[in-house]
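Let me give you the structure first, and then I'll get to my questions.
Letters are used for the chains, namely A, B, C and D, taken in the order the chains are written, and counting of residues starts over at 1 for each.
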Amino acid sequence: MKLPNSLKTDRVTRYKWIAIIIVLIALIVLPLCIESNYIKHLLIMACIGAILGMTFSLLFSSGLITLGAAAFYAVGAYSSTVLVMNAGLSFWAALPLTLVFTAILALGFGAVFVRNAGVAFVIITLIFAQVVVLAAAQADFLGGWGGIMGIPRPNPVGTVNFAAKTDYYYLILAMLLLVVLIYNALYSSRIGRAWRAIKLSPKLAGTLGINEYRYRLLAFVIGSTTAALAGCFYAHYSQNITPGAFGGWLSIYVQLYAVLGGLEFYILGPAIGAVVMTFVPEYLRIVKEWEPIITGVILLVVILFFPGGILGTLKNPPALSLNKFHSLYNRLVTGKKRDSNS
Amino acid sequence: MPLLQVRNITKVFGALIALRDVSFEVNRSEILGLIGPNGAGKSTLFNVISGFHHPDKGKILFKDTQITGLRVDRIAGMGIGRIFQEPTLFMQETVFENVFSGLHRHYREPAWKAFLHTRAANREEAASKKKAAEILEFMDLAAMRDELAANLPHGHQRSLAIAIALACEPELLLLDEPVTGMNPSETAVMSDKIRQIRERGITVLIVEHDMRAVMSLCDRIIVLNLGEKLVEGTPDRIKNDQRVIEAYLGKQVI
Amino acid sequence: MLLKINNLTVQYGKAEVIKGLSLEVGETEIITIIGANGAGKTTVLRAISGLKPPASGDIWFRGSKISGLRAHEIVRLGISHVPEGRRILAPLSVAENLEIGAYLIKTKRERGTAFQNIFDHFPVLKERMKQLAGSLSGGEQQMLAIARALLNQPRLLMMDEPSMGLSPLVVEQVGRIITDINNRGISIILVEQNARMALSLAGRAYVLEAGKCVLEGEAGALANDERVKHAYLGG
Amino acid sequence: MAKNMSPGLFIQLIVNALTIGSIYILMVLGLDIILRGTKILNFAHGQLYALGAYIMFLFFQTLKLDFTLSLILSGVALALVGALSYLGVFAILNRRFTVSSTFSYRLLLSAMASVGLMMILQQGTLLCFGTQELGILSPFPQILEVGDTRISLSRLVIIFLSVAICIILYLMMYRTSFGKLLRAVSYDPEAVTLQGVNTFWIFVACFALGSGLAGLAGGIIAPLFSITPSMGQNIIFITFLVLLVGGIGSYRGTIAGGLLIGLLLSFGFQFLGSAAELIVFMLVIVILIFRPGGLLGEAAE
């Protein structure tokens, strides 16, 4: 699903549709084949990660780099919790209200943030994520650093009562599919093309009549609202939330999903990245202390030697030769001239 | 009524006066050339007209509306398209996608309908695809529609830049060095294209170094030197003007 | 021969900007490369000074091959490049700009002599030593750029559009400086849009068109060549 | 707000503000030298600070070396770490970029690489030194008493050392040829290459200098605060904050920003408790509404 713009969807082959249907069926059947609740939990977390990663990619598709994906994730989680626990709304009523609330909030803050492109935007979003965590920790009615416990499960729908992990899995899967559908529709419309134009050349985009500020703000609002959707789910899934869960380097992990999966693959990239980053460290458990180091090394290796990420590398396998690397390093460090230059 | 009126434009960068009190008019459906040695202020003038720089003094009227101080995208939206001197394309996109992205101004249906892919929006989208194809055909790029812009040879990159600008449906097209760096036969083809663009009712303002092309192409020529307007007139007059020859070849030194 | 270029090809991406150019510069000679914008003049200089490694062909300087060396190594061999747009270090003072120009001069005494030499030729720079380079006038910035390049103690000086954006009076002054430098035994490659100035200064000239050399010969002969006049004024 | 503020408390708070403010300034100066010279936003900068504190602990507390010597050694050690990380990571990364790589792509990849580096450094520090809090006995335990004002000498030493380092740095940047080269490279590396300078090593030096400053900051602060592996994360947020407030690429802005944030946090903690940080963060966002480029910065890129 590389850069799904409508030009490509014209040419979506039958194989692609078959692949999509198979993956979809697999995703639906998957929890029925799994006994372990723990693995189901990991699947659910991977879905959340995928949604968050996609919000990062959405902003990146317009040339913005956010380190604040966790901010609106937290806003979504807290506001839904308050609406359910303090205002007594049902989960299904709180959900849309949360999204509207976040969208308005994102519009307000985004209007300021988006004015600063480049380095400043990166730092501002990072700091904003920290502000949200601190604000949650300071507010007594949000439980301070201790957070909120005993958040109710989503209200039952028919026979689905969210007592089992499988129910949650289907809920987040539905949310994920919704996000994929919406994002795909965006990327394949002229909105997505305008974002891409701004990312590739803001200068040229301007001379084509594209309002850079307005489109970037739109991306910010949509991305933030999507993150709030994931946050809303997370609060009622984990049933307790603390500011700490949204702080630290969560946003950076989110970014990692997108880079690892492949930056040019706005939808599939973060999904693959999230799955890999959720499951692989789990299987590295034997050396728990070494896990961050290994994650860091993986990150460096991907960035330095496979900048297309997993999907990009699969698509265009690089001709990797140690020799090339060696001569490059010689040139860099010792300043020896290239021998192959004739 | 002239299409574009440039009135007393002055633009200063630090200690450098890039433009000093420049005034001229562009009439509908003419090809107007803007020439002058390097550093004369031609590109600055283009940037002022298209909104990348705001002038320190003076104003610019397009169809009798003042456009000085407006944002780049607003000016483009009013119908002034431009190409840049350096190759400015969506390099990692195909030729077709480049023009298709350029059609932003073409849409009438609101963006949310495009997002929902309503029937009207889809119809518009299909129409715009057709239009992009038509523009590619016009600029002789149809054969390489699926090639990445970055991989095109220089001449075709210039054509593509013009194609993108045409997608914007301009009434006035600013061309910054459209034939520079081309060989004579490519230049002849491109000159011909520019004439055809004019026949479509689009007014053209050209900055160009290739004198042969400028002289044969333009109805009128304005010569800038060191930020000031030196002369204005028909190609024949310009060619024989002593001041122009001096500005170009330089005074005899030593 | 001081500098010899054989069959040079330079590419940006897939686009060939220079196509099989050959060129020679003799000892204490001024040559000029003229041509329209985008003809590839600047790229030739960038290829010689190592800023843009050539795709094929080779460049020899005083009998050794320099294509493939990196820019700072080529400067050390004695080729100085005054780049297009002067590229002086605007936020640094004039004195600091000169000091960086004198990076290759190691002893203090030699440095002093070199600076004295510069001030003899460019007295205006001595007055402006403490000023920020960015606050100089266009002409003074050009002097600074040339002075900085001379401090590398080159055998070959390459100048890219030294007359750009300067008023006629200053252009004349720059012309005198160029002859002056040449009289001290330094060879010069002059890239110019101002064809008459370039042709009056140079001994030989190359006319570049779309990355190819279309005409070469004695500058005096070229100055009266109808084809050159055509290239600049059409007709 | 000042209903129970005695002059003694006021002076104490000012001293506290100057102490943390001067550390922030050192951190931002280091980050800014790297950002301007090599165009890399280095997230690992805070981790270098933590590592500096640990190395100070190692030399001063464990090996019982002289205080000044340990401090210099921790600066040198971190400069070495910085140089190695540039050689091992960013130099290779730079070669990946082509003329057509967009600015956001370059920025993202180099920032991401520094995040990878940060994770490795953070966990590496933790594995080497353990999770428990470490503390250095301050070599200056004396408390100065003037009237009812009590000021710890070690805070004054920190301020003194920071000011000294800033002055040395200033002299280095404006008086030595190395500093001039650094500034020149930040402005136009290609023009400097044309003067015969191998700019690659200037970039390495840039990274070493910036990292060394982080190491010194960590070493200086070590006797005052407890040393934990997470101290790097805490400081990097504030460092970024100061960078934003002061404006990217302005020395005066950095110093003003560092002092401002120091004052706000010092007084804020006293009178507002733990809400101080939040208020400061909010204030910064308000500043950015009115001054998108920071207080004294030229407009950011």
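As a convention for this text, a residue touches a chain if its C-beta (ideal position, glycine included) is under 8 Å from a C-beta of that chain, and two chains touch if they have at least 3 such contacts.
Not measured: the values here are computed from a predicted model.
Q: Tally the contacting C-beta pairs at the A-D interface and at the A-B interface, and name the larger one.
A: Of A-D and A-B, more C-beta pairs in contact link A-D.
Q: If every chain is reduced to the average of its C-alpha atoms, which one ends up farthest from chain B?
A: D
Q: Can you work out the whole-Å distance between the CA centroids of chain A and chain D?
A: 30
Q: Quick one: report the Å distance separating chain B from chain D, using the average Cα coordinate of each chain.
A: 48
Q: Indicate the whole-number Å distance between the mean C-alpha point of chain A and the mean C-alpha point of chain C.
A: That gives a centre separation of 52 Å.
Q: Could you state the distance in Å from the CA-based centre of chain A to that of chain B?
A: Once rounded, the distance between the two centres reads 41 Å.
Q: Residues of chain A that touch two or more other chains: which are they?
A: Counting only residues that touch two or more other chains, chain A contributes 200, 335.
Q: Out of chain D, which residues touch more than one other chain, so two or more?
A: 100, 198
Q: At least two other chains touched by the same residue of chain B: list those residues.
A: Within chain B, the residues that touch at least two other chains are 91-92, 150.
Q: Which stretch or stretches of chain D touch chain A in the complex?
A: Chain D reaches chain A through residues 35, 41, 43, 87, 89, 91-93, 95-96, 102-105, 107-109, 111-113, 115-120, 122-124, 126-127, 198, 200, 233, 237, 240-241, 243-244, 248, 274-275, 277-278, 281-282, 284-285, 288-289, 292-293, 300-301.
Q: Mind pulling up the chain A residues that touch chain B in the complex?
A: It is residues 5-7, 185-186, 188-191, 193-194, 196-197, 200-201, 203-212 of chain A that touch chain B.
Q: Residues of chain D touching chain C in their complex?
A: 99-100, 177, 180-181, 183-184, 187-188, 190-199
Q: Spell out the residues on chain B that touch chain A in their complex, using ranges where they run on.
A: Answer in residue numbers: 50-52, 71-74, 76-77, 81-82, 84, 88-94, 96-97, 100-105, 107, 111, 114-117, 121, 125, 129, 164-165, 167-168.
Q: If we count contacts the way the header does, which residues on chain B are in touch with chain C in the complex?
A: Of all residues in chain B, those touching chain C are 14-16, 37-39, 150-154, 157, 177, 180-183, 209-216, 226, 235, 239, 244-246, 248-254.
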